[in-house]
Each structure stands twice: as structure tokens, then as C-alpha cells.
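Same chain, two partners: chain A is paired with chain B first, then with chain C.
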Partner chain A sequence: MADPTTNRPLDPVRPTLSRFRRMRPTTGKSGQFGIAFWLPLAWLVLISFTAIFAPWIGIQDPDSLDFINLQTPPNDAHLLGTDHLGRDVLARVIYGARVSLVVGFCAPVVGMLLGLPIGMIAGYFGGRIDGFIVGAIDTFLAVPGLVLLLLFSLIFGGSLLVVTVSLGLLFIPIFSRISRAATLSFKSSEFILAARTIGANDFNILVRELLPNVVLPVLAFGLVAVAGAIVVEGALSFLGLSVPAPHPSWGGMIAGGREHLEESPHISIFPAIVMFLTVLSFNLVGDTLRSRFADVREAAI
Partner chain B sequence: MAAPLLELTNVSTHFHSPAGRVRAVDGVSVSLEAGQTLGLVGESGSGKSVLARTIMGLLPSYAEIPEGSAITFDGQNLLTMDRKARRAISGPGIGMIFQDPMTSLNPVMKIGQQVYEGMRHHFGTSKAAGRQRAIELLTEVGIPQPDVRIDQFPHQLSGGMRQRVAIAIALACEPKLLIADEPTTALDVTVQSGILDLLQREQRDRGMTLILITHDLGVVAGRCDQVAVMYAGGIVETGSTRSLFARTRMRYTQALLDSIPRLDRPPHERLKSIGGRPPNLITPPPGCRFAPRCAFSDAQCESAIPPMQADEADATHSFACWHPRDPEQTAEEVA
Partner chain C sequence: MRYVLKRVRRLVVVIFAVTLFTFLLVNVLPGDVAYDIAGQDASEEEVQAIRADLGLDRPVMVRYVEWLGDFVQGDWGRSFRTDEPVVEAILSRFPVSLELMLVAQVFALILAVPFGIIAAYRAGRTTDRAIATAGFMSLSIPSFMAAILLILIVSLNLGWLPTSEYEPLSEGLWANLRAFILPALAIAMAEWVILMRVLRADMIGVLQQDYISLARAKGLPVWHVILRHALKPASFSMITVLGLQIGNLVGGSIIIESIFALPGVGRLLINAIYARDFIVVQGVVVFIAFAYVMVNFIVDLLYAVLDPRIRTERADG
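Take a look at the complex of A and B:
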């Protein structure tokens, strides 16, 4: 079969393939990142930038009440409209990003700092230590996370620190499992034996030989954990258990607009959209980086 | 004669497995003087790597070294010393090179750092001095552009280059004894001799003692002072390389030699091989371990373990065989 215009044989597979290649979200063989990496990254940069520099980028005060303009739809003065107390939704979304991003980044870091050493020690030493740690983790996992979070915020009150730390504690099991699994797969490698042949002790091996290997899969999971932490923080603030009321947070805004969904849906929808895009972006960027790591490691092996 | 640098007396290594006790190394005695090269030869599963790891103290937790074993290195018994003292010997005392340089280097550590890691650990070498020394060592082991390579990762190097790096890592601690566990098995044939020549040169220049583990008698022939042939966990014949090749006594050694392909044979001739498999090391045969596969075995071979006996012409050459080969006979006549 030949193409009548060019008289060249038709290749039915090729064009489709190249189109797929262009659309592929992860990295191509050439090592370039696709649009499904850059666009989410740009969104994350935008969100982070506005959140960090919120007081200086000329947006309105998120807490100032404007009783003349209650529940106005988006307009020139209020780009995303106002809520039921006349507060600027855009400003509150941007200030709310501060809460989400701080919890989103710090909670996985807390979980990683505690979970990684626990998992590495369990995987490396094995035996009774491993049995004890794995048992403790399983016990901890049996406690429902939300109940634990409710308990913490009831005891210590809702504040950024309490939410971050208690959410971080909930991340310990998963981080220690990942690092334990990675440690197990690396500890029988010959390069660990080789390190012993030049006299390395357990501490040297754990820190200098194993840690750089274990930290890669753990970090790759970290970005996915950020997305998870943002969602959980959103749920907590929706329930009013995160930062206290006047302080803007995405979950709190969604909850606040809930009663006015019919007449002014923008109050809930804008923070929901921003949260959705942010979580999606973290997942897309995380997936791309993870497959990129996998590529590099495969090439290394 | 000076005291030997390394002396193994009746060394055994047993593994506990669900099927029973595996006698991976069984009653090995061998001694090695400083500056000498020992070739440890045997087929897969003969216990040579386990013996190396026993000397190195790298055995897994389910391994057991029975009472009565002694490994004396530089006047100290390696089996009775505490872990910390033992670690101090790993590196400056005994170094080791592994079979596969693809796995024996840390994939996420720059090679320069891997080279000076040992120096930093044992001698407290500063980073700058260690880096300088690492460049010297990489030059010494024949790595081109060492100042560039030092900041690269193992996957950026070829297999032969990686094995040179592994040698540089071991040499960085200035070991008195270097154990090379099949250092060329995982490499292309074309780079094998280069690695072996490098090891031999370093051994001579540094006056280092070398244990070269291989399954290739050809590798041993030109490079070792002394050869020990292992079979099923024990040494069956040992002696100076010259005597062992010229006056082969043990039937197993002879069978190994016969199985080497030779250029002077007519083409399309069937290659000789040793029939059967090495014995199960959980329930080894009661007599000579090689008896089931040996063409010369009789009832005595199958019932009683042959003791090590010295060769008549050379007292350092000893072998364990009830029906040793007549050394005056040539290989052709046996065939």
C-alpha cells in the first residue's frame, strides 16, 4: 500500500507513535521534560511565589471586611469576588496557600526525618530490632489517622504547628516502610561488603553507603506525600480543626462557602479549584521526577 | 624462614540451612609468606569464595566457624579478636576485590570519594590530601584522565575501568594482603589480562601478598608462586606452581588441567570435561570427595578420606589422593 500523493509506502504506526511521544507526560528518551511537567511546575512556582510574597504583591487584606460588597461575583475590584463577610477571595486563597504549603512541605519532612532512620535501622540490623519496629509500625497503622488528628487538635488546640507535627507523625510508618524496603534491597549488595573490607563500621555503612541510596526513593515519594498532606490539611480545616477561624485556609474557605453554594458558588469553588490544581501539580511533577530517577538508576545498572 | 603472614589451620565454615549443616569449607590448612602470591583454584561451589570471606570476616549471621579453626594474620588470630580490632585490620591489613565491579562500587558515590573513604577512615587523611592521593592511585591503576574520572559516578565507567577503581580503593589502605576473588570473571576477555597484569605489578612493587581466587588454572600458571586446588570445601593439592603443574599428583587437578582447551589439539575434537557434579556438602561422600567422579577410584577411595601427603621430590608439594598420578608419566599417556 502506498500513499498516492507522495508515492511513499504508508507507515500506519509511525505518525501515531510520534504524536504519542509528543504528548507523553513523562520524560522522553532524549531526556527532555514534557509540557505535563513544566505547566504543573509553573503553577507550583506561581502559588509558592504569591504565598511567600503575599503582603508585598498588592493584594487586599484577607481579613478586612467589606459589608457593602457581600458575596459579590468576580469583578474588577475583586478578581475572584468576595465571600459572605465581604472578604476578598483572591487574597484569602493566596494567604490560605501559606497554610497548605507549610503543612504540605513540613509534615512529610517531619515524617521523613523520623521515619527514615527508623526504617533504615530496622532494615539494616534485622532480627529482633526489625521485628520490634515492624510490629510497632503495624500497631501505629491500626489507629485510624483521622481519629488521631482529631485527638491531637482537641488536646493541643488547632494551630499550624500542631497540625504539621501530628500529620508528620502519621507519615512515619509509610516513610519507614519505604526506607526499610530500600535498605533491605541494598544491604546485601556487594558494595556494602566492599565497604566492610576497608574497615567501615555499622555507622559508616548506614550513613555513607546506604543513606545516599535509600534517600532517592524516599524523596521521590516525598513529593507525592506533599500532595497527600495538602489534601489532609484541607480536610482538617474544612472540619475547623486546622488553623483557627479568621485565618484563611483553603479547606476553611470551602467550608465557609458551603452555605451559599446556590447563590454564590464562587466562594467555595475558587479555593477548591486552586487546591485541586496544586495537588494535581505535585502529583504530576512527582511522577515525572520519579520515572526520571528510575531511568537514571536503570541506566546505572 | 620468617613466620608466614597468613596461616590457616584447620579452618572450617559451616552454614546452617533448613536442609542441614552445609560444610562449605572443611578443614583447610594453608600458609602464605609475605610477598608471595597464592592461587586458589576450584570449580564453582568448591568453597573458595567462602574461604575468602571467612578470612575477611564477611560471613552472614547463619554461618558458623567450628572450634579448632584458627586464622593467624601477622601474628594475631583473626577469629578470636573483637569486632573493633578486626575492623582495624580490614583495609590496612587485608583488602579485598570482588568479582563483579558492577555491584561492588556504590552507585551513588563519586569514585574519588570511594577511593579516599578508606584513607579517611583509617588514617584520618584530610579531604584535599585524600583527593590528591586518589588521583595518584587512579593514575597508578591505569585510569586515563584521573582528574576528570574522580568526580564521576561508577555508571560512567566501563567494567574494566570499574575493576581498576575497585583495585584503587583496596590499594588506598595499603593492605599487606590483598584477596582478589575472581577479579576478572565478570569482565571481557580482552581486559582480563590487563587487570591481572595490574594486580601482579602492584603485588611486586608494593611487596604485597596476594591471594588470587579463580577457576582458571591458566590464570594461575604464570602469576602465582603457590597454588592450592580446592574441591568440595577442602584443599586437595597444594604446592609451588612449578611443581604442581610439572608433577601433578591429585587426580582432580589433573582432570582440571585436561579440561583446558588447547591450541595444539586437532580441530573439532571433543573438549574434555569432568563428568557429574560436585558433591552435596550437607551429606558429603564418606571417603574422598572426588571419588564419585574419579576414573581411578576404588573401594578404598569411597570409604576412607585420603590424608594429605608430601610429594617425594618436593616436601612443600602435598596432595590428598589414594591413587596419585605417577608424576613421571606425561599427560598424553593418561589420555
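Take a look at the complex of A and C:
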């Protein structure tokens, strides 16, 4: 017996993706993504593109000071105006996107790489191992995330690496919870039993049978996590505890314009708008994908 | 009873682990406290003297046990910048943080309850979707950004609430409260959405019950039915979430306190971090973790009191 489309032998042990297709829930009409998906996606592509190619798209140097044009409102030479040191706000917003996007993408990846195996092991083996892992996560959650981040920044200093890794650590609990819940929901399925019957060991079952099923809900949560990471990085750089000062970052720019809110609100407002749109876009795109691909999350938290 | 004991045991383990973790992090990792106290141009001898003075030359675990002993007895050390005892520093600022959180929760409720009810009543219609969209956008505004926007719009452009200094309660209730309005609103901007969603979901379920149809059939007006018959059973989950959110507010209020210059625990922490005042940081972190765990513990217990099913179910799990 062979699968007619791929001509490969049908593998009864791995009906992985098809399980999810059946679970797909309700939102949206027959698989169409609406404007609430494409518009934010377009914004994210635009932001990512300008951030990656920032040095080559003809914007000004984000660090060059212009003492003749301090705090000028938006004009032809400076599309979004200049800040209190005469630096071009547009250029700084674009270069600031680099920090937000790097932290935004890398921190959830760190959390996922560590949280996914932890959650799968807890869910799969159950018993004492599960009890220990759940207890450890509870303890970890006893300190509010931001407090922990402040503690890390105090001890290790503020740098892109420290912020990314410590924020990534904060994502371990949520990712391990999601993957634990997903593992639990698949653990007693027939295809696991079948794999065990043909002699697969625990490692094989975890990696080859469970992982493809668990990874979907985890990835679906990923984009929402990116939004969260960008917000927290923004908060840290707002407090001056993320990347060091002259380096542009959205939070830092919003904080820098605080002193001049009354006479030149544009210094704070433009980075705030860009950050808001970016966070909103990640939330919208992430939410659409999540409701499309996974609702195991609610099952066992 | 078994349930309570189980929770208490867990509480003790968690708090113990938090103190150990915080102590190790502050004491073992790079950036020796002694160098910070001595300042940049201190000689090696001076640093060694400070280290011996603080007992930093002894093994970490010995120091931890000693510290924990003092800690339990209420001696949390002194700030080496201001020489203020840490316990007093925290306790004198705690009421400010508490007030900020309470006012924020009140604002969140004032927004969440009407919108939650309307969204549930018009579930699936345009009004419901408009509220959901507004909530989604509101959630995407980080609290520090909300704070800046509120200052810009409410105090600078409209001139309604000039950014004011914090006044203690003894200066009069209004003088005291007005300093909390904008900061609490900045926090409530994200909180209300979560409460609203929970209320809406439960309310939709309650509105489908037979007794609601009966009340309507008797000819009672819609708003009477919703407010007198449906609201109470529908707000059960929302109140639980309200309690659990207090924990999250602790983190969120740190930034807000420092933006609005409110002398709360969060601002104490931020300033201690800027000043690299390790002893204060250590005390505040343990205090916050303790408060956070206690709140969750109490909410959990209250929940069990309200809903007897949990007592038996969770005692086994």
C-alpha cells in the first residue's frame, strides 16, 4: 500500500500532520486570511527590510549630531524631525528596529530551544520527573519577569547578548507548559502505542513521533512571544538597562524624548508609534496563526 | 485541610528557593560588592578590608545561612549608599505601591465590566468586534508608552492633570489620589482587556441559561436582568483573574512608579539598581517574590473556599 500522491509507503506510525488538520478550529471562512493578517504582515516585512538594509537605503547616519537643527519638527531634510541632539529620528527608528527585532526573534528562540525539551520530558515521563519540573517552573515564576531581568542586568551589565539570553530564559516556563500540554494530549494516542509496539525506544518516540506534533502549537505561540519580547526589551531600554546609550533603540528613544514632550513631542511619539504598530502586527499575525494551528494550549495549563 | 497543607508546604519550598537563588545570584556572580562599595580608585587593601568587614571572605553557603537567619528575624541589612535599614526602606514605600495597584485595578474594573457586558450582550455583532479590536490595540501598548502618551495628552495638551508630586495621605485625599490617576490609568490600559475578555466569555454562557430566559419572559427589562441576575454568576472567573493579575502588576508598576516619580517599592528597586546598591536590591527582590507568592497563595485558597470541587480535585494532583 502506498500513498498515491508521494508514492512513498504509507507509514502507519506517523500520521502526524493530519491529526492537526482535523483539529483546526473555527475562525475564518474556509482558510482565508483577512486584511487583519496581510496588512500587519506587510508592515512587518517593511520594518524587517529597512532594518536589515539600513546602511544601504539612503537614510542618514543615526549617530551624527547636528547642533544647528536641534529638535526640529518633521521637514523635507528630516522626515520625522530631529531629536534633542540633532540626530535624525527616522534613521534612529530604523536602526533601533535592529535591536528590537534581534531581541524579539532570538529571545523566544532561546526560550523555545530550552523550554520545548523540558516540557516534552515532563509530559512524556510524568511522575516524579514531571513533579520536579513543574515545581521548578513554579519557583521560577515566583519572581516577576521584569524583576528578574533587572537583576540580570545589574549583575551582567546591559548588552544585546545579556538582554537576549535573560529574556529567553523568561520564556522557558511558557514554552515548556505549552509543549508539556501538547505532549500529554498525544502521549496516549494510537500512533505512539504503535511505535512502541514495533520497538521504538523513548528517545525515538520523543523525537520522531511526538516532536512533529508538539512543535506546531509551540511555533504558533512563537510570534506572540516575539511581540512580548519586543515590549520587554522596550521597557528595559526605556530604563537604560538594555543596549548602551548612544546606540539607538525604541525604548531608549521614547525615554530620551521625555524631557522634551511639551515642545517637541515627535521625538518620543514617532518611535512609540512604530513600536506600537510592530507589536500590534506581531500580535495580530501570531493570533491568526495560533487560532488556526493550535488550541492545545488551553487544554492543560 | 489536606489541600491547605499541601499548598503551605509548596509555599515554603518556593520561598526558600527564591531566597537561595537571589542570594547566590547577587553574591557569587561577577561584580564583587566590595569593589562597588570601595569605588573606582580604591586600593586593593581597602577592598580587602571592606570584604573582611562584610564577611565576604568566608564561604558562600556559610554566609547564606547567616543571612537567612538574620533575614527571618527581620534584619535585612542596610543600604551601603544611604545607610537606611532595608526593611524600613521597603515597608515605608510599600503602601504607595499597594495604593497604585488598587487604584489601577479599580480603573481596570471600571473599563472591563461595562465593555464586557456590552460585548457579551452583542456577541458576534459589530459592537462586540469593535470592543475586541479596541482591546487588542490596547494590549499592544506597552505600559511605559501608555504613560508617556497620557502625560502628553492629558497633562500637557489638555492641561487637566498637571504632572504632580506625590503627596502623602495626610495632605488630603484628593491631593494624594490625583498623583495616582495617570499612573494607574497607564497600568489599567492593558489590565482591563484581560478582565473584559474573561467576563465576556462567562457572561455569554450565563446569558444562555434558562433562568435568564425566564426572567426575560416575565417581562423584566434587559438591563435589570443583566445587572441583577447575570452579572454575579458571570463574574466569578473575572474575580479570580483579578487576584492573579495583582502578581503581574507588581512587575508592571516598577516602570510606572519611576516614570511618575511615585516613591514606591518599584522605584526603590530601580534606583538601587542604578546605584548598584546590592543589599537593597537583594531585599527588594525577595520581598517582591514573597508578596507575589503570597498573593497567588491567598487567591488559590479563596478560590478553594468558593468552589469546593477544587479542594478534592487538587489535593490529589
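By definition in this document, the second predicted complex is superposed on the first by the 264 of 301 C-alpha atoms of A that agree within 3 Å, B and C clash if a C-alpha of one lies under 4 Å from a C-alpha of the other, contacts with A are read in each partner's own complex, and residues count from 1 in each chain.
FYI, a contact is a pair of C-beta atoms (placed from the backbone, for glycine too) under 8 Å apart; a residue touches a chain by one contact, two chains touch by 3 or more.
The shown structure was predicted, so the numbers you read here are calculated from the model rather than taken from an experiment.
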item: Side-by-side fit of chain B and chain C on chain A, or clash; value: fit
item: First, second, both or neither for A:P117, with chain B first and chain C second; value: neither
item: First, second, both or neither for A:P244, with chain B first and chain C second; value: neither
item: Touching partner for A:G86 - first (chain B), second (chain C), both, neither; value: neither
item: Touched partner set for A:G34, first chain B, second chain C, both or neither; value: neither
item: Which superposed partner A:L154 touches (first chain B, second chain C, both, neither); value: second
item: Which partner, chain B or chain C, touches more chain A residues; value: C
item: Nearest Cα pair across chain B and chain C, whole Å; value: 12
item: Touching residues on chain A, where the partner in the complex is chain C; value: 135, 138-139, 142-147, 150-151, 153-156, 227, 231, 234-235, 238-239, 241, 251, 254, 258, 261-262, 265, 268-269, 272, 275-276, 279-280, 283-284, 287
item: Complex interface listing, chain C residues touching chain A; value: 10, 13-15, 17-18, 21-22, 25-26, 29-31, 136-137, 139-145, 148-149, 151-152, 156, 247-248, 250-252, 254-255, 258-259, 269-270, 273, 276, 278, 281, 285, 288-289, 292-293
item: Chain B-touching residues of chain A, taken from the complex the two chains share; value: 127, 189-191, 193-201, 204, 208-209, 212-213, 216, 297, 299-301
item: Of all residues in chain B, those that touch chain A in their complex; value: 53, 56-58, 61, 84, 87-92, 94-96, 98-100, 102-109, 117-118, 121-122, 153-155, 166, 169-170, 172-173
